[in-house]
Structures are given as C-alpha cells and as structure tokens.
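See structure below.
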Amino acid sequence: MPLSYEEIISHESQGNPAEGLRRLVLRGSVAATARPGQFLHVRVSDRLEPLLRRPLSIASIDRTRGEVTLLYRVRGRGTETLARKRSGERLDVLGPLGNGFSIPEKGELWLVAGGIGIFPLYALARAGLAAGLKVHLFWGGESRNFLQSAGLAEWQDLGIPLHLSTMDGSLGDKGTVMLPLGKAEDPRSAANRLSGQPLPALSVAVCGPRGMMQAVAELGSARGWRVEVSLEERMACGVGACLGCSVTVRDERGRLTNRKVCQDGPVFPGKEVVWNGAR
Amino acid sequence: MPLSYEEIISHESQGNPAEGLRRLVLRGSVAATARPGQFLHVRVSDRLEPLLRRPLSIASIDRTRGEVTLLYRVRGRGTETLARKRSGERLDVLGPLGNGFSIPEKGELWLVAGGIGIFPLYALARAGLAAGLKVHLFWGGESRNFLQSAGLAEWQDLGIPLHLSTMDGSLGDKGTVMLPLGKAEDPRSAANRLSGQPLPALSVAVCGPRGMMQAVAELGSARGWRVEVSLEERMACGVGACLGCSVTVRDERGRLTNRKVCQDGPVFPGKEVVWNGAR
Amino acid sequence: MARDKGAAGGAEIDLGVRLTGLELKNPVIAASGTYGFGREYDLYCPVETWGGIAVKGITPEPRLGNPVPRLAETPAGVLNAVGLENPGLEEFLKSYLPRLADLPTAVIVNISGFSVEDYALLARSLGREKGIAALEVNISCPNVRHGGLQFGTDPGSAEEVVAAVRRETDLPVIAKLSPNVTDIRELARAVERGGADIISLINTLVGMSIDVEEKRPVLGNVFGGLSGPAVRPVAVRMVWEVYQAVDLPIIGMGGITCWQDAVEFMLAGADAVSIGSGNFVNPLVPSEVLAGLESYCRRHGFSSVRELTGLAQSKS
Amino acid sequence: MARDKGAAGGAEIDLGVRLTGLELKNPVIAASGTYGFGREYDLYCPVETWGGIAVKGITPEPRLGNPVPRLAETPAGVLNAVGLENPGLEEFLKSYLPRLADLPTAVIVNISGFSVEDYALLARSLGREKGIAALEVNISCPNVRHGGLQFGTDPGSAEEVVAAVRRETDLPVIAKLSPNVTDIRELARAVERGGADIISLINTLVGMSIDVEEKRPVLGNVFGGLSGPAVRPVAVRMVWEVYQAVDLPIIGMGGITCWQDAVEFMLAGADAVSIGSGNFVNPLVPSEVLAGLESYCRRHGFSSVRELTGLAQSKS
C-alpha cells in the first residue's frame, strides 16, 4: 500500500493512565486491505528527532467505516511523541505492512498473548470468528488492573472462552499464561491419548515476550499444533530494504538463513524460528 | 530572571497569512520586570530538533495583567516549530534578557524601524509616552499590506506621528525609511542652522536590517543625536556564556573590543558599533 | 550574481549529470544498504525516479551478518550494525543481477571484502556483467590481514584496493570513503592514485549507544555506523575538503532528507548526491528532492544542476 | 545481578568522584567554552550545583576570535566557530581568576596555544596560582608551526604538548582529546606517555554548513566544531575505546542533555561527565542530571556513582 496520511479519528489514553496505554483510531485507505497481524510504520513527527518511524500492529479493522485501531504503550521518545498527536491531525503511515496471521480453514484457533502482545490478536479473533472458527484466548499479564486497561472488557464482549493469568494472582491463575494454556491442553491431549483419534486441527497464534513465544512454540511442536508467532525487532525501513530486522530461521531443508521481520514477518511459523539466534 | 514556564494566553497568525507573522501572548513572571528592548530566549520544543532556543523581542508589556506579547515572523525550523504551540500550553523561556533601550528623561524620542524591526519598538513607544516624551515613528516596509499585517493599526491607535515608507510605494514614501526620516530631520536641522539655538535633545531608537541601522547611526552621529540600535546575532546560550553572539565595538578609548549581543546588548549606542566588523 | 537574476526563467532544467563514465538522468542516487536491491520501495517510490541506485554491499561469500539488535536510534541519527548481510557473489549473479539489470535506472553495485583479493575477485566477476553502470568500492570494512583496521582509514591500503579493482574492470570505479579518519583529503588522493573515477562519501561514522537500564551496548555488535541528519555537517565538510584536494567527481551523502540538504552538498562540491537513512523516514524523499532541485535552479537562474557543483567554494 | 536488587535501599548515594588529584563533590562538570567564567548562568543554576566548571579556553595573548556568524544549528547539534575569543593570560589572572577562585566548586582552567611554548607558558603561570583545581589542555588548536594541523590529531605533538605542561605544574593535568582522528586510542596513549593525569573527551567534530539561498558557508570561519546530541554516539564510542586503551580516569562529554546520557557515558567508562551544549537548551540540566544519577543508583542498588564506571564493558 502506498504511503497514506490517515486522519486521526480519536486518540486517547486507555484504562489506568499509569499503564501508559493509548488507543489510536485512524481513518483512511489502510482499512481496505489490512489483515490481522500486519502493522503500520508510523512517522511520529515531522521533526528530525525522533527520526525513525515506529512499527505498530493493527489491533482492529473496521472496513465499513474505513478505520483501523492501533493500541500501544508509551515507552520511549517515539511513542511519547506520537502520544501528542490529536484527533483531526493526519498521520503519515506506511502500510499495511508484513504478512499477518493465517486464518485456518477449520478447526480451533487458540490465541496466546503475553502482556501487550494482546494487541494484534483482537483483529485476528474477530476474523477467526467471522470465519466460523472456535476461538480461545489465553492471556497473561501483570495484574487485573493491567488486563482491564489493556482491553479485557472488549474481549469479554466477544463471548469467547478466556483463560487468564496474572503475575500477582489478582485475576485468573497466578503466574504466566503457560499455566492456563497447560490446563486447557492437558485434558485435550489426555482425551487424545485415550481415544487415539486425531484431534481437530489446532492453530495457535502467539504474541508476547520472546521467552513465552518460544515456550508455546516448543509445546506446540511437541503436540503437533500449527503455531504462528509474531516477532518484534527494531526496524528502520519497514519494507525489507535495510536488513536491520533480520531473524534467523531454519528453512525447509534445515539450513539456517535470514528472514526480515518487516517483510517476511512479523508472523512466522513457530517451528522455523531459531530461538537462541538473538541474545 | 529565572527560567519561567509562561502560559500561552493566545497564539495567532497576525495580518495577511502570507506574511507569516504570529502574535504570542504569554502570562507569567516575565511581565513584572520586562523592559522595552529586552528579549526572551524561547525553547520551541522539548525534542532535540530544533535544538537551540530562539531569541524573540518583547513587543509589548502589560504589567497589570502580567502579560507580554511577542511578535515574530516564521522563518525556519525554530519559528515553524514554535508556531505549533497552542494556547493553554506552557512555554519554557529564559528572560527577560539583555539591557533594553534607555528611556530619556526629556526631549523627543524617534523610533526608526525597518520591516519587522518594528516589533521591539512598540513597548518602547508606550514607555516613552508614559514618561511624557514626544514620540515619532519612522517605519519602512515592503508594502502597505506588510505594514498592516505587522500592526499598523495599533500604532495608529497610539496617536503619535507616523512617518511611513514602502518599497512599492503603496503607502507613505516610496523607498526606505531613510526618506521620511530625512524629510523630518531636514527642517529640524535647517531651523537649527538659522536659529543657532541648540535643539531639544533627540534620542533615536533603531531596529531593522543592519545597513539601515548603520545609515541611521551615521546620520545621527553627524547630527549629534543619541542613537541606540538593537543588534541581532545568532545565539546559543543567550546569557553571555558561549561567546557566540559577539559584536565588535569601539570602546571609550577608541580601542576595538568585543561585546555580547545577548548580555551587553541587544541595544548598543549607535556610535560604538563597528559596522564593517561583520560580513 | 547575474545568474541570480533568473536567466532560465520557466525553462526546463537539465537534471542530467556526467561523472567520469557514469551518466545519470538526475543526480539523486539511493545509498547502498538502505535501498535493498531496488524494488523494496516500489509501492512508495517508482525506482525510475532515481538517477541511480547503489545496491547492498556484496561480498564473495554469503554472510548472515551481525546479531540483532542491529539498529539503534540516536538524536537525528541511526546506528546500524547489519554486518554486511548479503547473498554472496554467486547468488547475487544468479538471482539478483538479472532482475536488477532490467531496472529503468543506473545500477551501481557496492562491493566489500576483507582482503585485496576479495575486492579483485568481485571486480573481475562483476566487471564482465551487463547491466551494471558502475562498481562502488566500500573500503570501510575491516582488513583482516592488518589486525582489523579498516582499509578505508589507511591511505596505502585504500590505494591498493582501488588499484586492484581498477585492474579488473572497465566499469567506472567509485571509491567510497570512510569519514573515520584524521584527514579525508589524504584518502581522497590515495584513491585517485589508485585509479578511481569517482569518489563517494561519506560512509558511516563509528558510534555506539548503551542501554542504561540493561547496562550493556544496545547493538549486538557493540559498535555501529552512524548515519542520518546528525552527521550532515561532518559530511558536507568532507565533501568540501575533497573537492579541493582532488579533481574527481564526487557523490556526496550523509543525512540528506530534503532538497535543501541536497543543494548544500552540491554547493560544497558534489556532482551528485546519495540518500540513505532519509528513505527510512520518508520514502518520497527522492521525488521531493528532485522537485526542489528544479525549482531552486529556476529561482536562482541555473539551467543545469551541474552549475551548482562547488559554487559555495568561491564565496568563502 | 545481586546489585540490582536494591542493596542501597533509600540510603544516601555517594556522588563524589576522585580523578587522579582532582576530587569533585559530584561527577558533573560544565564544559569549557559553554559556561563562560562560571557566573553567567547564576540566575538559572547556582554554580555550586556543579562538581566542577571548566572555564573558556585561555591563550597567552587576548583574542577577538572569529568573524560572525559564529553559530549554526544543525540537526540535534550546534556548530560553533568562536575562535578562542578570550581575554588573554594577563587579563585572566588580573580580572577573572580572583573571582573564580572564590566559587564554591572546583575550577578547571582550559588552556590553548599555537605552539608548545604557548602551552608551557600558560602552565607555568597558572600553575602557581591558588584556586585552580586542574588544568585542562585543549590540544584541538591548529599547530602554527606544523602547517595548521591540530596538535590533537598527531600523537607526537599531543605527547609533546602534554609533557610541556606536565613539567611546568603540579596541578592535575587533564588532556582534552579531539575526536577528529582515525584512532583515538593512539592519542590517549600518547597523552598518557606525556604525563596526563586525566583524559577528557570529546572536543568538537569538524563540520560546516552552507546557506543554500546565499550559496556560501553559514559560519564566518567556514568550518566549525560540531557538538550536542548529534555527536553523542561517536563520543560514547570513543570513551569506550579510551577506557580500554589506558588506565587514566576519563571525563566523558558530547551531547549530554539528561541523566540517561550521563549514565551512558559512565557505563562506557567515564569517571565524570561534562555538559556543554546541553546548557544552552536547558540551564537546569546539571541539577536534573544529578537527581537522575542518584535515583538511578538507588534503583539499581549502587551506593556510589563510582560503581558505574565502565560497567557496560563487561556485558558486551
């Protein structure tokens, strides 16, 4: 998609202000072609500092209104500067960029999120539901407060099974998302062991901290799930031209080779990623 | 005066938008001590580009409301960035800085302005009138349109004699401000030659392009006027610490020495300035 | 100046430039390593916009490059430590060059090596191919034979490398200088002696940044190359110095993000300019620069961009 | 790291630093040439905030400096060509030093010359005075005897100048390095041989900028020195390299505008830091940096800022 100057429809802090989360709704040409898991490369300022664009996932897509929503956490100078943009202003974005998640033809779609890794999964949940899939969400965060700030209510509105965990135990299991995930897959595998019947195909989409994505990918490959992970890497160009966002993968023939997170990703089959490739 | 975060009371384009002139009204601690001819060193952004503060003269001072007005022309990245600030925001300023114009005890006060050199003279006109002086304005600009954009109506409201010129002849004399100035000083000098009587002391405050200030200073020294000129130089610190804004002057003993526009100026006695010192 | 009076009026501005053996329809070139293999930005900027494109540096063998993070943003700048990731000569010839050769712009192949023989090999092999407009010799790589010091920081090695390339090809040879030197003029004279046709500069300044919360360097490689607007004053100064030191045409780069920056390099002495990091910020920058160059020429009464080269030198 | 667990709790953080012979109550120093003679910023920042201040470079004779414009802004940077305007040694001793000696902070006198004898003369004369905490030898001036090349770019000259100063004074000698060199480690080793007690770096990078409408250099002097955030990645890299090359304490500078920047320099290897251009932007920067340093130490469990020095080196 060509460069687009999207109109900012709304731009607000979301949830507890201490979490620093913002919701940005854009109207323009992006919505027409955006797919879940793709991202926009956003120019946060027309001054020269901060200089580079910042990649932000497309959190939800409303084709009828021509709108996409981005959800982000204010971290450093880039997102701080972006946070000052007001509705009515235009935002210079490249995108939609990247490949996005695949939406399976049938079977179950499990979404596994750590922290703000939840953001790109919402659009996928809706697409999955629209495709008639059975969708589950597994989501771990710091606290109830965080989950609520990061959009729990909207997930509840989807009416899908939510399997939650928090580090402080204030909601769901106490610990990482691997706990509820384990609980759900255990009976499933057990049933499978008992019956010997092949289970309905399970597709798992993961977004969160690297270690957590690795754990899910490894579990998934043991269980024969079709796992896709959404990787993050620092980006300059966003279109495959600078080789700044390389990730090492094992290709079909088992050889190590490089892919670009921006162009070949950000979504990769979990089994391809060489997890110790990065520090 | 310590660093101050002045509140932006209003910030608007003034006159014909094509002239790129802006009026910025600030409320805070500056007004209490500001004098005509002083300036503020304004941080236009808290990002690192543009980096340096920009010096802007105090155009008018309202002590009762605690407000000062700055008038400026959008030229480059600094003023462009400043122009985006909106009322209600705070502006980080150093100042009031510099020495300001002197206000004579008695006699006449002639103000001579070229282009946007008019801006610092308005506060001086008001101070002169308040001190009971007879004030004249000589002002040259591109065109009627420019003079009107740059605040002619407010000057007319002061009720003082205005001697105008424009390069395109659309208002006043056609040419530079030296024309109306010559016309006014001619009969004065002639009367003096005839009567042999000393004329009432004449103080002249000048602000505008360098060549024009030099011409007025040279005319003034021939005529025995007390001329003060307001110099401009690129500034970094604004407080005398970096030696970036040096101007060469001839001291009392006729020796060449350096002064700092920010700290020792921006107002200097016309006769001290070494006009060919800068390129 | 009479020129300023607008002699060229509304006439067409001649944007073409001729650098010894390298003719470009306009003086704006995509900088090596920032524009992939020419097609990545297709959706944003038609490749024919460019006077030329310099492709990512090629080495004899394929390279996976450095560990991530490979990028860090600094004030008005970018640090990169890609580490010359590239498909290697063989794969380049097989899978990349055929598509490049068809591009409607001049294709410059940037070559890198860790020994003089590496460069010679690349030149020998690429020098025979169709569809290459020039070779750009990146001498900012560590010289493994000489304790890792860059070829590009030692005049003797720089000359040797350029001479080795020169011997192997009839293509125009562009020597790309590293700014990490005490005296850039010395290096410029060295590559002139080595037989370079054209000089391009600057490559990146060596820099680093540290993640204070993690207490370790941000880049996987510790050091990286600084580019972007931050380095422009250094780059313009070096173009100015090289213009005075040698008679070769110059491709100037370092921090160009708008037409004013491009004009600045040309007035300092550049015959053409390259844009690298600026593409990351705004992929429309080449067309904006070209439009700006044209109207600048018109406004100042130049009928050809070639008139700009070195013009500020006479006014200092 | 166990340290990270917050061992120091809410305890006082020791901000004091000891650089061979130079004890500072805190590691934050005003950089020479950006802080006049110490009092200009009084209204904004009490001078006792600083661990030390380095005054404007002094030469034997008074100098009027370069023609204006002396300043140009560049992206996240400043170019200056003040040209060492200063009152000269005699006037400095008579009118400036007495007031400086009373300041409630360590006063470092920065000295500059155009020959080895200039430096020796300055050291001899200043070395006898009370109220000076250290001499900082600015070797970034052109060496008039050697065709204008900077003392600071040639290891031999750098060593000679520092040795000459060393012979004339018992004050701690700080050698201030120029970044305009191929290998900063060589220069660091040279001034160590010359007898420097402390190394400070970086001075400014040589740069220039051109006014495209006027078609001439912006600065009256054509070239200027680049400072400010733009140069920080280069400065941090050089501190890192010098830390590995020599055993002397380091004062790091170049583009510091906030506490994170100061921590970055210390983690790279600096024992103290200087702030120059940052003062122009925000005169409160020294107190903000100190407050940030303290809370950083507290958060990461350091009880003294001295623990930060070079810490990132072990993690790369």
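For reference, chains read A, B, C and D in written order, and residue numbers begin at 1 within each chain.
Going forward, a residue touches a chain if its C-beta (ideal position, glycine included) is under 8 Å from a C-beta of that chain, and two chains touch if they have at least 3 such contacts.
For clarity, every value in this text was computed on a predicted model and none was experimentally measured.
Common neighbours of chain B and chain D under the contact rule above are A, C. Top contact pair of chains, counted by C-beta pairs, is C-D. Once the centre of each chain is set as its mean CA position, chain A and chain B turn out to be 57 Å apart. A separation of 37 Å divides the Cα centre of chain A from that of chain C. Chain C and chain D, compared by their mean Cα positions, are separated by 34 Å. With centres taken as mean Cα positions, chain D sits 47 Å from chain A. Within chain A, the positions touching two or more other chains are listed as 48-50, 77.
In chain C, the residues that reach two or more other chains under the touch definition are 72, 75-77, 228-229. Shown here, the protein chains touch in all possible pairs. Looking at the complex, you find that chain B touches chain D at residues 1-3, 43, 48-53, 77-78, 92, 94, 233-248, 256-258, 263, 277-279.
Considering their complex, residues 75-76, 229 of chain D touch chain A. Per the touch definition, chain C reaches chain A in the complex via residues 33-36, 40-41, 43-44, 56, 64-65, 67-73, 75-78, 80, 82, 85, 220, 228-229, 257, 277, 279-284. Residues 48-49 of chain B are the ones touching chain C in the complex.
Against chain D, in their complex, chain C makes its touches with residues 72, 74-77, 79, 149, 153, 180-183, 205-210, 212, 214-217, 222-224, 226, 228-234, 236-237, 240, 255, 260, 263-264, 267-268, 296, 300, 311-312, 315-316.
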